[in-house]
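Next come two complexes built around subunit A: one with subunit B, the other with subunit C.
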Partner chain A sequence: MFKFASLLMTPAAKYLMLAFAVLFPLVAANEYQVYVMATAFVWAIAVYGLNIITGFCGQLNLAHGGFFAIGAYTLGLLTADYGWSFWPAFVGALVMTAVLGFLVGIVSLRLKEHYFAIFTLCVGFIIYLLIDKWEELTHGAIGVRDIDAPYGFGLVDFTETTPFYYLVLAFLVFAIWFMGRLSKSLLGRTFIAIRNGDELAQSLGINLMRNKVLAFVLSTTYAGLAGALYAGMVRFIGPDAANIQHTFDMITYLLVGGIGTIMGPLLGTVGIVWITQSLQFLEEYRMIIFGPLLVLLVIFFPRGITGSFLTWMHRKSQALAPAKKRQERKVDTAQNREAESNA
Partner chain B sequence: MLKVEHLTKMFGGLAAVNDVSVEFETGKINAIIGPNGAGKSTFFNLISGLHQPTSGRILLDGADVTTLPSDRVARLGVGRTFQTTNLFEQATVLDNLIVGHRLRTRSGLWDVLINSKRLQREEKAARDKAMEALEFVGLSHVAGQFIADITQEERKRVAFALALATDPKIVLLDEPAAGINPEETVGFAALMRKMVDEKGLTVCLIEHKMDMIMSLADKIMVLDHGEKIAEGTPEEVRNNPVVIEAYLGGDEDAAA
Partner chain C sequence: MSLFLQQIINGLTLGSIYGLVALGLTLVYGILHIPNFAHGALYMVGAFMSYFFMVDLGAHYWIAMAGSAAVVAVLAILCERLVFHPLRHSPPIHDKIAAIGILLFLEAVVQMFWGSDFRRMSSPFTGILNFDGLIIPEQRLLIIAGAFVLVVALQLFLRKTMTGATIIAMAQNRDGAFLVGIDANRVAMMTFAISGMLAAFAATLYAPINLVYPAMGHLVIMKAFVIIILGGMGSVPGAIVGGMIIGFAEALGGFYISTSYKDIIAFGLLVLILSVRPQGLFAKGAH
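Entry: the complex of A and B
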């Protein structure tokens, strides 16, 4: 079991997963499955953003879905109403979410713990209200139609599902790659130190505000990236994109997959999206299954699938490897005792 | 080294620290004792910049650090530990310690994106520093274990190592020997002595374990109700009637 599991820790496992993702459109039963997978990947990118601010930096941001919607609307409005083509609008969406993230961050991050969570919950709701009510800009409940699909430079047609799937996959791979690099870097360790405790982090010479704002801006940019891709894929968005429900869905994906881990957001999102798909026939009643499952998971596996797996692997390897060392140490002390008694 | 002048901290109408002046010399072990609620931890929080004093001055090597925020104070060489240290339980001891040297590094987001030479160099330096600190506190053998899997005493040593990884000139230790047994306490006393002798650090500690303080400290300051009521060598403090009164609550009791 352990030997088999340790195969999952090798770099080869990563490439196998990537190979599966690349081959998925070929093995999928129909186009709809490819579409569902692409949607799951889009949400996964947003969940990676949430993982930076909440998983690594420890600040529960409940406005995350709002920033997803801002990314989607920025791209939608720029292409549909202002005649921008997709890629400039795409960059515009990233800049918009980064700038708004910065502005919201420098205000909201003055608050700590649940006060921050409540504040961002309100920010998320305000974003929803603005989108829903500011009809001159956002078309209100009618939503934005005729959003541009990504321009393929004459090489590919991104209005087709499969090419779009690969586009999303490319961004997802980048998002995961960056997350992996971040987590191992001094910057990622700085975020984790803040999660461990504000006061301890400060006593280690860490500037709280600067690092928290940086993590927040990174997370909102991830959300904006996902939102922009979503708008380019669905080609229509309404105020529901900013529904607070999306934030809680993303938190669920993150908790199930493994908060503060590299692969957790992907596994959690893809896993739950497919389970939801297969439970479609239960409609709203599927929450009767999801609710208790989530409660059990949080109680028994607080670090989600990935976190629990990594912990288990580490303990196993520690138990197997130093067994030899420990024996050596015992021999040492026995010899010492002998030497002492001789002396 | 560290000079405190007329330091006062008011919380509402309550003076948690009241007009305390004291000087801690380089390379000495300075203890702060006093009954619960005497303002000892607040005193540490003021020095390390976690709280801003209501009045008074704090001088570190002659430089005024009174109003500096905590992270700046840390960069100037004030390391500290807390009564409880929250660490990342499901990460290794070494992984938890590497961030300790962060304040001496400059890599930012861009360095992470391009994996710059500077980042690589600084990460190696931080890792080496963490290993060095771990070895200093005698925990090299648990470097690869999760924080969740080490003993209470080892955790306390990790907290020491974390403070040491910041390259401090002075360390403030808040009840380092709380919650560990007498034998381990002896080990901690030796470790603090080693910090002074080998690293040339100045140590300040808050502690309730009197036998440890009396044999370890070069100088003791006694706080009671936020005020400094005595200061001196262990011998002087032990025989000071004011201290005896503060601890035992009245002359008659002390006599009895």
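Entry: the complex of A and C
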């Protein structure tokens, strides 16, 4: 069991997962499944953003869904109302979420813990109300129609599901790769230091505000990226995109998968999206199960699937270590250290 | 002038409701330092319980209100025992996520039983009083009077009884309270029960001039959070004053500025105040 499990920690496992994702449209039973998978990937990108600010930096941002909607609306309005083509509007959406993220960040991150969570909850709601009420700009409750699909430069047609799936996959791989790099970098460790305690981090000479704002901007840009892709895929958006429910959904995905881990957001999102898909009746009442699940997870498995797995692996290898030769133990602990830094 | 007075009455009504909800929230925060995101769900369940007692069981308004308060109090105690108590040593982010879990669960359960339709709840107080052109529906008067009575009763309970004093003691100094032998579990359960009852009373008072639906708690709870930040987290007078500020700001702002943006006023006020004073308006220092 342990040997098999340790295979999951090798780089080969990651390439295997990637290979599966690449081959998925070929083995999928129908186009709808590919579409569901693409949706799951879009949400996963947004959840990676939430992982940066909440998982790494420890600040519960409840406006995340709002920034997702801002990304989607920026792209939608620029292409549908202002005649921009997809890719410039896409960049516009990223810039917009980054700039707004910066502005919200410098105000909200002066607040600590509960105040920050409550403040961002209100920001999320302001975003929703603005989208819903500011009819001259956002069309209000009618929503935005005729959003451009990504322009394929004459090579691919992104209005088709499968090419779009690969586009989303490419962005997702980039998002995960960036996350992996980030977690190993000094910046990622700085974020973790902030999560472990403001005072401690500050006494190490970390500029709290600058790093928190940076984490926040990175996370909102992720959300904007996901939102823009979502708008390009569905090609219609309404105020419901900014519903607080989406933020709660993303928190569930993050927590189930494993908060503060590299693979957690992907596993949690894809897993839950497929579970809700396969149990259609759950769609409306899914929270009867996921609500208590959230509570049970934070009480018993606060680190989610990935985190619990890594902890288990660590313990197991610690227990096995004395029986082996000294040389092996060295290798083992080196691996553990790597595993932990991944966690 | 009479239009202005009308808005004052509206502001008082809204402020009373917000104040009651915020009181429950601030009590729980003062004792356990948990921002209970599920409080809005308790409010919503309170409205549905009254609706259930009145419409399905044919109970009288007052009996329905008492029954709903009892059910929600038990529910709040269950939340404390099953969720927040096991999490008392966890990092604060876990409490918040767990509270969100409760909120989602309660909403889904209510939606399963009653659907997501908007419902009307009647009240025996449908009369309208006319004071020389100033028109006041009886239900609004009842809300204002009811909130006043509840706040006075709560104050008497907290100040004049031994059990009430234990709640204050724990809010003031946790370790000190333990040292003099106060049972933390009892105080926590009692605080949750009181906060749940206040939410149920507020919901039952407000429901007849509003609608009953599963998402009805969202806006109210967010405004209650704004209020306790304004008034200082954990402060009882702060919650009442804050409730009135938001109630009046909304009634007057909705009338003189724009009805469709009236819900933004509270949040805009919060953003403005926290930008200038990150520790809140009346708070002496952030926790």
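What we mean here is this: the second predicted complex is superposed on the first by the 317 of 343 C-alpha atoms of A that agree within 3 Å, B and C clash if a C-alpha of one lies under 4 Å from a C-alpha of the other, contacts with A are read in each partner's own complex, and residues count from 1 in each chain.
Here, a residue touches a chain if its C-beta (ideal position, glycine included) is under 8 Å from a C-beta of that chain, and two chains touch if they have at least 3 such contacts.
Because the structure is predicted, anything quoted here is derived from the model rather than measured.
By the touch criterion defined above, A:Gly71 reaches neither subunit B nor subunit C. In the superposition on chain A, A:Leu60 makes contact with subunit C only, not with subunit B. In the superposition on chain A, contact of A:His114 is made with subunit C only, not with subunit B. In the superposed model, A:Gly304 makes contact with neither subunit B nor subunit C.
In the superposition on chain A, no contact is made by A:Gly105 with either subunit B or subunit C. In the superposition on chain A, A:Gly238 makes contact with neither subunit B nor subunit C.
By the touch criterion defined above, A:Gly92 lies against neither subunit B nor subunit C after alignment on the C-alpha atoms of chain A.
Between subunit B and subunit C, the partner in contact with more residues of subunit A is C. On the side of subunit C, the complex with subunit A involves touching residues 29, 33, 35, 37, 82-83, 86-87, 90-94, 96-98, 100-109, 111-112, 218-219, 222, 225-226, 229, 233, 260-261, 263-264, 267-268, 270-271, 274-275, 278, 280, 286-287.
By the touch criterion stated above, subunit A contacts subunit C in their complex at residues 54, 58, 60, 107-108, 110-115, 117-119, 121-123, 125-126, 129-130, 133, 244, 248, 251, 255, 284-288, 290-295, 298-299, 302.
Those residues of subunit A that touch subunit B in the shared complex are 178, 181-182, 185-190, 192-193, 195-197, 199-200, 202-208, 214, 218, 303, 307, 310-311, 314-315, 318. Across the complex, subunit A is touched by residues 48-50, 69-72, 74-75, 79-80, 82, 85-88, 90-92, 95, 98-100, 102-103, 105, 107-109, 111-113, 115, 119, 122-123, 126, 144-146, 149, 162-163, 166 of subunit B.
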